[in-house]
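Heads up: the structure comes next, in structure tokens.
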């Protein structure tokens, strides 16, 4: 029951631009991120709208919406069989739903640059449309009054704290993604990935529990961008960089930690 | 480990009317939908009755009741082994608990028209009885005062928003059902369906988190009908069409998305 | 991959009185029911003590405590491998934690009368000790003021409603137990029982969401007895019969429904 | 499908001090305990900061943060394949995240004394750093005002009650760890450990539901120490011994119960 590290993905793989599965994966990213923003931003609006948070699903309910949607969408979109062939399958059919996850997997050479960029574009488009539908349902006045689920740094926190919270939060998420889809783990026990979407979704839930009071929790640049585009006020744009720089740094740190410390890939011959 | 698409179910399969398993499946649909309405409407009543929502399980608790019951009942009624033989087994023993799910699976030709209609009738009867028992326990006066868990469009939302919320919400549910029971996925990894009831239940939970403030969340025409029949006031009947038209459109869209985009069935020879 | 119905357990099996595994199973029932009451009653006390339910884990937290403990304890005590050999293994190592579950399994002839009675006694003793430790930690005055987690019919509900709520609630639980441990299901797919403790725990959670406002939710005579013995006021004893008669009727109905409708055991030769 | 009890670990295994996997396991303990404190203490701060608990994730949200992080981190760090080779694998790659768990496993001779001490030191260092980052993000004044998530005995409880709550709470956790990773169980059904992180995380969640009102819930000396070091007020140091003595007694009782009653190891020749 030995395992073989899949070869690193090439930077550019011209063949994939001609395959139906490439575009299908992009469509799947679009639809998943659309549904993610739709459900989560609608939940945020329902809570913000409620005069007493007690008669809404509450802040904890918002955390469940974000984490639960990632659980369900990774389950549906990534395909569990595909998670088992990580580096090929998961990447092939989508299911990242988050540019930071795509970036982390790209750094680990799990997908080509072409594919990574295509996924990120589709995720951002899906997020904008998802937030747009929420605005359509709620009406513009109410959407603006309750800030449309945009990520904004709370008063009482420095920009450094906000950036730090995004970095560590994304580290938790991307580290979980790497752990749950590790090829070595899968080779030794082919049944492990069954649970993979569950800890990934839980990681998102937990980071929301901790950092909603600080930034509303981004850890997903597409989610932050989609809400900002539809809300479109200075207050959302001023801090937008935090929700791109933070997640990308966090994802890179998680990739480094997993590849160098846990997997010890650079030291393999000595391992 | 190849897989074979099961053949589409015939519209009418006269043989099944003579089999015990056909009627047993109908009874199982009745009982499951009965228990579903009983637990969920009783939870709604407990929350509505509580002067402060804080001393009840809260709106989030309502969402857990709906999603959790679907998890437990799909687990119990559908049979997990049967989920593995989707198109035969799951359909054969019931476990839809929702006319919109039955409709989506019928469109994908997973069960005959006879069976689909029989299931829907049993689901509606079970739902009416379940809501009726809640009214019996609570007493008529209190049941009416707290609106008996009926789906009613909240003030501040247009009929279009309500219909849209039902369409997208049912899309999330039925898309999860299709993903979790996909024959291709099952063929490649026979252990996948173990978790199937969990994402299906979670999908129901998540849609409730998002849309309870808009419509109370239907995404299940039997649930909406059962509560309306027992509550039986104009306010519940006026919007009832939303809770049939919306879910059926959402289920149809999910079937189309799954069959055409994800499975690419029409393009198979080229795939 | 055929399956064989295990033979019905004899009413009296003299040999088991001499086996260490018989007494170990009894000790395991005692410890599990002790821990169950300890955690759940302590949670109830914490919520009742809190002047605003908002600064406690809330009623929903109570429901999680009951359901979650059953999940964890069934996982730990029953043994998952043993669930797979239902009728022998599960019974052999305990993990019922509830006289109504033991009664339902006895009716289905999954364990001997001797063993069933021994389990019930150990469950009741464990429950009394668990509630007693909570009283010790809280102190007698506070324990009495907050009613010690005793099951009491709420004002505004008839005894008939309370009894009905206990019957249907226990039906949901015991039906889930039967479904999750079905020998036929296990024979067809040996991996199914992995999830068994999860739907069983969820069933307990869901019934609590629905019926805490009515009776505080029993569906477990040992739990009701343990709290009543330690609380020891008339108000807890007056309704105690509801929490024995209701669960036993509900368990019997679930056994009948599962054996006759779902498994069709009486009609087997014709099946 | 027989199983063989792995031989007890030696007290000192000089060879492991030269292996990369020994130090990697220590780093993994550090990182996991760092993330554990970071997420959980930040969640506690968010709740304490909120004027009305209703507009925070609430006490229940705190319990989810503690339990959920243990679920995700045991999943990520322990490795599920490794759980299957308990006594070798799990120990080898870390994933205890708790000195009481390490102590319980050491008593059962699952790891050497050298390794046990190294793990505990790394856990405590990780916990201190995790709490320190939270203080950095929140600022010193706010961190002190809201008590930095330190474990403090609530007024109205005796030291004996606090100690007892820590003992029984840790018993629940460590008993679940032993049950979920039992070699006998794994030998009989190789698929069982898939769910292991879930009941372990749930055990932590449940103990928090019950004992947050008493002590804030320790059951993890590294967590209690880390918060106390960064908070650094007398009130946190005065009761610190409770959060070391209690968990170690509870872990020892769980080890004894599992080895002697459930596994009957001392009576094996007679079993």
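When the chains are written out, they are named A, B, C and D in that same order, and each has its own residue count from 1.
Everything below uses one rule, namely that a contact is a pair of C-beta atoms (placed from the backbone, for glycine too) under 8 Å apart; a residue touches a chain by one contact, two chains touch by 3 or more.
Bear in mind that the values here come from a model prediction, so they are computed numbers and not experimental data.
Undergrad: By label order, what chains touch chain C and chain D together?
TA: Shared contacts of chain C and chain D: no chain.
Undergrad: How much rotation, in degrees rounded to the nearest 5, is required to superimpose chain A onto chain D on the basis of Cα coordinates?
TA: It is a rotation of 90 degrees, to the nearest 5.
Undergrad: Over half of interface residue numbers shared between chain B and chain C means same, under half means different, so which is it?
TA: Mostly different residues.
Undergrad: Report the inter-centroid distance (CA atoms only) between chain B and chain C in whole Å.
TA: 28
Undergrad: Between chain B and chain D, tell me the centre distance in angstrom, where each centre is the average of that chain's C-alpha atoms.
TA: Chain B and chain D have C-alpha centres separated by 40 Å.
Undergrad: Of all the residues in chain A, which ones touch at least 2 other chains?
TA: Those would be 52, 54, 58, 60, 191, 194-195, 198.
Undergrad: Once bound in the complex, which stretches of chain A touch chain B?
TA: Touching chain B from chain A are residues 20, 24, 27-28, 31, 35, 38-40, 42-43, 45-46, 49-50, 52, 54-58, 60-61, 64-65, 68-69, 71-72, 75-77, 79-81, 84, 133, 136-138, 142, 191, 194-195, 197-198.
Undergrad: Name, in rising order, each residue of chain A that touches chain D in their complex.
TA: Contact set of chain A toward chain D: 52-54, 58-60, 63, 156-157, 161, 164-165, 168, 171-172, 175-176, 179-180, 185, 188-189, 191-192, 194-195, 198-199, 202-203, 205-207, 209-214, 257, 261-262, 264, 267, 270-271.
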